[in-house]
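The structures come next, written out as structure tokens.
In the two complexes below, subunit A is the common chain; its partner is subunit B in one and subunit C in the other.
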Partner chain A sequence: AAAEPWPENAELYQQLKEEQILLSDNASSLAVQAFLKMCNLPIRVVCRANAEYMSPSGKVPFIHVGNQVVSELGPIVQFVKAKGHSLSDGLDEVQKAEMKAYMELVNNMLLTAELYLQWCDDVTVEEITHPRYGSPYPWPLNRILSYQKQWEVRRKMKAIGWAGKTLEQVLEDVDQCCQALSQRLGTQPYFFNKQPTELDALVFGHLFTILTTQLITDELSEKVKNYSNLTAFCRRIEQQYFGGHDKDSSAAGAARSAKRSLLR
Partner chain B sequence: QSLEPLPMGGPDFGALGEEAELVEVEPEAKQEILENKDVVVQHVHFDGLGRTKDDIIMYEIADVFKAKNLIDVMRKSHEAREKLLRLGIFRQVEVLIDTCQGDDALPNGLDVTFEVMELRRLTGSYNTMVGNNEGSMVLGLKFPNLFGRAEKVTFQFSYGTKETSYGLSFFKPQPGNFERNFSVNLYKVTGQFPWSSLRETDRGISTELNFPMWKTNHTLKWEGVWRELGCLARTASFSVREESGHSLKSSLSHAMVIDSRNSSILPRRGALLKINQELAGYTGGDVSFLKEDFEFQLNKQLLWDSVFSASVWGGMLVPIGDKPSSIADRQVFKRFYLGGPTSVRGFSMYSIGPQSEGDYLGGEAYWAGGLHLYTPLPFRPGRGGFGDLFRTHFFLNAGNLCNLNYGDGPRAHLQKLAEYIRWSYGAGIVLRLGNIARLELNYCFPMGVQSGDRICDGVQFGAGIRFL
Partner chain C sequence: DVPVLISEDIVISQPAKILNFLRKQKYNADYELSAKQGADTLAYIALLEEKLLPALLHTFWVEAENYCGVTKPWFASRIAFPLSLYLPGKMSREALNRILLTRGGPPLYSLTEVEAQIYRDAKECLNLLSQRLGTSQFFFGDTPTTLDAFVFGFLAPIYKVCFPRVQLQEHLKHLPNLCRFCDDILNCYFRVTVSGHSPAGQDTADANLQKLTQLVNKESNLIEKMDDNLRKSPQHPPRKLTTLKLAAGGEESSPSNRLSP
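Let's look at the complex of A and B:
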């Protein structure tokens, strides 16, 4: 299966764009889409309400390539590498370790902060998360699934010690993470100078989604906007890899629709 | 089919069937005199009633008062005893008939006394159950006769080879009319289906009303089920993976049963007709369909203790409407499956019909038929005892399963079901386990095999309660 070339009909599965998908899942999905575009591999985005349950690891997005199913950015990068495409081949060992470290930072800080905001901030949970998460399901299933997921996320937060944090502390963590990323990026076009890597895809996925998703307040996106090189970075990647194609596959289109439906 | 919740309601007193016999009075020299003698039942006493309320007892014994002669009294008392036991509230019932004593005694007056022992308030049970090709251990806690009118609350936990379940059920019969009853059940069932690489967890609540009407028995049921599907292995086909997730089914169903057989396990005579329909989607939930299925069986005794049996099964599942929801492209229905030692023999369990990468997806319409000839074992070993539990049988099974394209008309559907018929023939030995289950060991020749079906030609073993 590793030897087979990348087919034309590869698909990426995520939740429904307009009504259902949440900030964190949208960010993860956009990161994978950006990565595949950077590798120049065609992918078609398919929206299913049960994408989360279809995934072998329970996390979106996942790709269906040939008869393989792979979920999450890390395994997808490995899978794509086995097929002979890689963005980080040009890096030396030190740089690869650095790249991994920054990817861990994004996952541990940004992604966790997104999850915290979605599931542990009561106002956001009530106004945005619950209605969106349960939207494809009839009553009372929508409530049951939302509460089940919330309980699960809160338990995980407790396990990693985030349960005691306040929203201000979480936003501070986001700020620190953005600062580290901004410093590493500097004035370069990409994190490792000329060529984009999976780190760029991951950072783009999260930052762009944060910038373009409307939540209860703008505090989260303001933290990112403080760093102008990060916003320029997002704009650059959007124009280069997502702009000019049909509206549906453009990142802005994806995030915009999420934003539209959040207006209350 | 195997995920029907374990039967919880209803009388758990064993089927009266073949075991019960009418008490016959030994013919005596004085029989004529006794029969001609008119008697009057003056009193009916009850010893041992505790929490049982009087009114339900009155219904069951009302007939005893109408007896006119001694034989009649004995017969009616026996029937009353059977009725009292059937309520499921007494551990034992004994009947004493004596002449009436006391001041107001008539010369031909009789006293009938029922000595009963009520069941304890809480009983526990442990048994093993046999389903179709599965076995399970069942632990039960029962509160019989909860409020004095034969109500019953049961909690059951079952751990089996294919599924694990637990449930709580409340059962209440109508006083005087035990066959009319209703029950409310809450259950959770988790099952694994390797032939589809599917794992299913159902959590549900159902209310059910049973009532007889003339010679038929009807059941009306409303059921709400939260179903969760998942893949059993990473190698599950994508079609099965697409079905993973949650759905909510709210359905109304009606079943009608006419059963004139003398036994449900290895009947010698009689017929069975079962018709079942289920309508989902109009009372909530996100699953909409209309499902019809039927089962027909006819048994006829022939010469030399052999029995000829014919059975036909069929069913159809029609999804309804275009629900304007974003998950309209999912179809999480309870489809029909075909094949296996209890269905079309000679094929592997549920391994006929549409499949994807080795996972069997079931179908929306099916039919199956079987012809059997049961004979006693050759040379009749162990006759009169153990050998009577075994029978040899010769069978011919056939069936087909497919998905329907609802754009075409009914004629196209019939045509689809008529082409590529799978069938098999063979012979084997059947063992009857009491009135509970049946074991079969057959040698099968599957025919009409289509690509994708999995067969089990040669020796096949089956255990269960419902066979084609």
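Let's look at the complex of A and C:
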């Protein structure tokens, strides 16, 4: 399977764009889309209400390539590498270590903060998450599924010590993370100067989603907007890899529709 | 919630908050660092927490031989009865819970698969740290910084505590620059003089810790001897650890007498 070339009909599965997908899942999905576009591999985005349940690891997005199904950015990067495409081959060992460390930073702080905001902040949970998460299903299934997911996420937050944090502390952590990313990026076009890597894809996925998704308040996106080089970075990647003309596959289209439906 | 810093009337827990407090008091090891190096610090600390911490928790609290042989008696000996019967078990369950919740989803379905994955990740993390350290004395040149403190905090227990099951320690010993890094910091900042007083002035606490470590080592040696004896004569039921502990002082020679064929 590793020796087979990348087929034309590769598909990426995520939840429904307009009504269902949440901030954290949208960010992960966008990161994988950006990574595949950077590798110049064609991919078609397919939206299904039960994408989470179809995924082998229970997390979105997942890609269906040939007869293989791989989920989440880490395994997808390795899978793509086995097929002979890699963005980080030009890096030396120390740079690879740095790249992995920064990817963990994004997962540790940004992704966890997004999950916290979606599932542990009561206002957001009531007004946005619960209505969206179960929207394809009839009552009472929609409520049961959202409560189940909420319970799971809150258990995880408690295990890693985030349950006791207030929203202000979480936003502080997001600010610290953005500051670190901004300082690392500096004035370069990408994190490792001339060529984009999976770190650029991951950072783009999360920051672009945060900037373009409308939540109850704008506090989260304001934290990112404080760093002009990060917003310029997002704009640059959007223009280069997602175009402005093809609305269906563009990142802005995806995020804007999420935004439109969140406006009350 | 440990560690806890108590300064006059202020009580602070959690490493990040303690470091913030010290920085406000003008104690800052990162003063000389550039902005990018400060960012790198944050990233590497995240790497340690995500990749190394699960395996560390597993080695100390979940691996049955390590937990029953070393960690539980070690902790229980410093906690008052009857809390000593309950608290180590609780900490062990919390560690397992944390590992399973953060790393244990599908496609890993059994505990052994999760364990294999977390140890693979931990070994990769150690390799990355070794590559990053290279030949320099500390991670950012010649003076230690916050990152050095964090890395030392994670590595030193793996390096120094004598466990029965030591796959992480063996991997660490194959990375000589990390071992040298730990030894350097131990010699510079944790030196204990012959009389049992450390130059930093933490006299009794350090001496007790040293005695405790020796006691734990002696116990694990005894346990190994017991295991050997038991294997020779399988019809005898294994002795409980508590009786061994109480009897450790006076009856060291008797187990071998009683159990030898």
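The definition used in the following text is that the second predicted complex is superposed on the first by the 262 of 264 C-alpha atoms of A that agree within 3 Å, B and C clash if a C-alpha of one lies under 4 Å from a C-alpha of the other, contacts with A are read in each partner's own complex, and residues count from 1 in each chain.
Assume contacts are C-beta pairs under 8 Å (C-beta built on N, C-alpha and C of every residue); 3 or more make two chains touch, one makes a residue touch a chain.
These numbers come from a predicted model, not from an experiment.
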item	value
Fit or clash - subunit C, subunit B, common subunit A	fit
Which of subunit B and subunit C A:V46 touches, first, second, both or neither	neither
Which of subunit B and subunit C A:V94 touches, first, second, both or neither	second
Touching partner for A:A232 - first (subunit B), second (subunit C), both, neither	neither
Superposition-derived angle with apex at the Cα centre of subunit A and sides reaching subunit B and subunit C, degrees in steps of 10	90
Partner chain(s) touched by A:P56 [first = subunit B, second = subunit C, both, neither]	both
Contacts of A:E19 with subunit B and subunit C, given as first, second, both or neither	first
Subunit B versus subunit C as contact partner of A:V123, first or second or both or neither	neither
Which partner, subunit B or subunit C, touches more subunit A residues	C
First, second, both or neither for A:A163, with subunit B first and subunit C second	neither
Where subunit B and subunit C come nearest after superposition, their Cα distance in Å	8
Overlap of the subunit B and subunit C footprints on subunit A, listed as residue numbers	56
Complex contact set, residues of subunit C against subunit A	35-36, 38-40, 42-44, 46-47, 49-51, 94, 97-98, 101-102, 105-107, 128-129, 131-132, 134
Sites on subunit B touched by subunit A in the complex	226, 229-231, 234, 238, 241-242, 244-248, 284-286, 325-327, 329-330, 357
Residue ranges of subunit A touching subunit C (in the complex, touch as defined)	56-59, 93-94, 96-98, 100-102, 104-105, 107-109, 155-156, 159-160, 176-177, 179-181, 183-184, 186
Of subunit A, residues touching subunit B in the complex	16, 19-20, 48-50, 52-54, 56, 64, 67, 69, 136-141, 144-145
